[in-house]
Amino acid sequence: MDPVFLGQLLLNGIVIGLIYGLIATGLTLQFGILHIVNFAHGEVLMVAMYAMAALLPLFGGDFFVAFAVLVVLASAVSLLAARGLLAALATGGDGGGIFEKSLLLTLGVSIVLVNGVQQLFTSNPQMATTSFGYGAFALGEIRLTYAHALASVVAVVTFGALFWFLLRTNAGRALRAVAQNREAALMIGLDPTRVARRAVAVSLVLSAVAGAVLVPIIVFQPTVGQTLLLKAFAVVVIGGMGNIGGAVAVALGLGVLESLVGGFADIVWQNAVAFVAMIAVLAMRPQGLFAAAIRKG
Amino acid sequence: MPPAMRSPKGLLLLLLAVLALAYPFASSSGYHLNVLTNALFFTVLAMSLNVIYGYAGLLSFAQVGFWGVGGYVGALTVTRLGGSVWDGMLAAGAVALLLAIAISAVSLRLSNHAFVIVSIAFTLLLQLLAQEWIDVTNGPMGIPGLPAPEIVLGPLYFAFDDRTSQYFLALAFAAATLAAIGLVLSSRVGRTLRMLKHDETLARSLGVRTTRWKVFAAGFAAVVAAMAGALYVFYLSIVDPTIFDVYYTQLMLVIVIVGGLGSFWPMIAAGFVLVVLPEVLRTSDEVRMIYYGVVLIAGVLFFPRGFAGLLAARRRRHSSGGRLGQPGSI
Amino acid sequence: MDSEAVIETAGLVVGYGGPPIVRGAAVTVRRGTMVTFVGPNGAGKSTLLRGLAGLSAAYAGSILYNGTQIAATSALERHAMGIVFVPQGRCNFGRMSVEENLEIAAHGIARAERRAARAYVFGLFPVLEERLQTMAGNLSGGEQQLLEMAMVLQTRPQCLLVDEPSLGLSPKMQADIFGKLGGLRDAGMTIIVVEQNVRAALAVSDDAAVLVNGEIVMQGPAPEVAGDPGIRRAYLGH
């Protein structure tokens, strides 16, 4: 087997796995804390991609400036969106519970966003040019484009920031607390709605960041979020529905696995890997690969 | 007098049947017939979602997946295996049944939530396969030139190859399917499924094997959706990846929610209104999708019990009003 | 003894959204006293306690807290006013260390005062200081109960509500818990307890209220309730 080819596949897999991780950790946060599923999570990414493509020319193609502006915008919009979503989830309706309601509402939002963007920008594939163009690092014969390298660095830094937030800050601790035991959170006077709002906002920003770093890497359409959502759902289920560390590890594994399958088998099966892996894990270890080792409080 | 004519509901049904049968003779517009034929197919599709979601309480995004699988299996049975359209429909039902049992049995081991997520992933995957598994599906080009359904009985031969005959075929299929579903749902089976939705713990304590019933509901709903999908692609004469479009999911959900989860006649009425109305308004596809999206959000937020819920509330108001008017008559 | 009422309810009807479970309760809890709710299973003791904490809905009636009407306030608002509630069963963050549990429970305390709050609960429950790095989920049942009390006591609440503190604990641990509750009361805290172990609870309580079928059938000083022949027969086994 050609080691260069293999190395290239592994490297590509890690990069895409990191991006899956950014999307999946957001879904995991939402499910873990609120027990909701966000159908429009991929559309957040999609809108961020279109926004990034619109911002880039304004700053002469400078990725970093455009990215900084996008993150600021995304944070503001995410806070509002999180507020809106939680208010909507609390509105009327006795049927089905919050899980179903979240799916149906966000499906509606997803469709409005996809078709709204389609109406505005058509469904033609979009590309954006950035200041670093198609340049690449060469690691021996293995190539890593600047865009891929940047996406990886951003993803790793983002995970670092996320784990620091969750483990070391009071707000992050409150998030984990509500996810672990809602009643205990109430006992010590934490406001679960406020905590959930923060969790949703953080997870939307994660999705937007994933979108931004994908802009120089892939050609995109209004439906770009849907395919990525499939992968992210698989990651969430395999990782044990609600386990952040598990989601990151599974995302990396899935990225690498897909890349290898794509390299050695018919490309069709690359997209099926996620689903097959999910079904296999559900069949053999339904609680997910990373179910909590310590009994629940 | 036949029993159907003794109640207002029966009379209404009879009237509808006459209208449905007479319509093609009164109107020569192929466009109108096409809209009505679509309404028949989509109402059956929505009813399949109603079986699993409205009755058994399992929100499923796999129905459009089964509808599309039905379309592809039906088409391939005819084009690759040389079967008839009817063989294609049977094969579609069988494949969908197996797939439905597999994904529901596996995901329900964990939870209803896992089932929902797997159902979403299932549909997204099928859509990708339809686009990329070119050897089998012919990719984005789809499989065009599907033959019209035909009946050959000895010397008797009939092909459903024009709008009017296809409308009648769809009408017969929809009537038979909806009647079959109606019968199943009004039997003990329907009551058991409802119990799953309203109080699973109670059902289990009464000895109902809840997971098995959920798998049954998933399988039943999948067979209906797949057979409808199979017949639908022969009506279109082509199957391509757009058969998995989220458009159908949304349409189904809007019909079921606007009609009322777990309702029968209101849901059928909603099916017709929601398919015909956008045609009357003649909007672009994108704008129509946005309308549906807004209706879905508004329905979930403000009318979670749909049209059927409003009807029930009205009935309750009326009956309690009557009681108040006649003190001591209780 | 100071006889000023901290909590005073009248005609209080409580439930969980469905039919009422507590029907018209009138309870008075004086400052710095410990009151125990006793009664058969399903009598509505826990529901009444959760109603006072704001965790089950008050359908009707009033709850006065230091003379202010609080029946319509949320559990969080009541927490902020100094009414804290320790639910029955294990109610902590099992996958966090004891230290993290205490830290997060101190979220509402000014940074400068957290050290003092920590010292206060370590003074009450020295065992927690030894188990600081243990995962809360790996503590014994009794230690978890102490941890939960320590978590809420850091804020020095005015009124402590505890649901079944002795549930699943050894007799020695039960005695220990009631000893601690008695000590807190002696230090001026107002305490309301729901308890199956009626004898142990009444031994340290000032007052008791007996609930049957969602209604309070008897209320008075603990020794008097414990001495009532009907109560003795029903709950004390002689």
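As written, the chain order gives the labels A, B and C, with residue 1 at the start of each chain.
The rule is simple: a contact is a pair of C-beta atoms (placed from the backbone, for glycine too) under 8 Å apart; a residue touches a chain by one contact, two chains touch by 3 or more.
The chain list, named the UniProt way, goes like this: A = Amino acid/amide ABC transporter membrane protein 1, HAAT family; B = Amino acid/amide ABC transporter membrane protein 2, HAAT family; C = Amino acid/amide ABC transporter ATP-binding protein 2, HAAT family.
This is a predicted model, so every value here is computed, not measured.
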item	value
Chain whose mean Cα position lies farthest from subunit C	B
Top chain pair, ranked by number of contacting C-beta pairs	A-B
Chain centroid nearest the full-protein CA centroid	A
Interchain centroid distance [CA atoms averaged], subunit B/subunit C, Å	54
Separation of mean Cα positions, subunit C and subunit A [Å, integer]	43
Approximate Å spacing (C-alpha centroids) for the pair subunit A, subunit B	33
Residues of subunit C whose C-beta touches two or more other chains	none
Residue ranges of subunit C touching subunit A (in the complex, touch as defined)	55, 75-76, 79-80, 84-87, 90-96, 100, 103-105, 107-108, 135-138, 148, 151-152, 155
For the subunit A and subunit B complex, residues of the former touching the latter	31, 35, 37, 39, 88, 91-96, 99-101, 103-105, 107-112, 114-116, 118-119, 226-227, 229-230, 233-234, 236-237, 241, 267-268, 271-272, 274-275, 278-279, 282-283, 286-287
Of all residues in subunit A, those that touch subunit C in their complex	170, 173-174, 176-177, 180-181, 183-184, 186-191, 292, 294-297
Residues of subunit B that touch subunit A when the two form their complex	57, 59, 102-103, 106-107, 109-110, 113-114, 116-118, 120-122, 124-125, 127-129, 132-134, 246, 249-250, 253, 257, 261, 284-287, 289-290, 292-294, 296-297, 300-302, 304-305
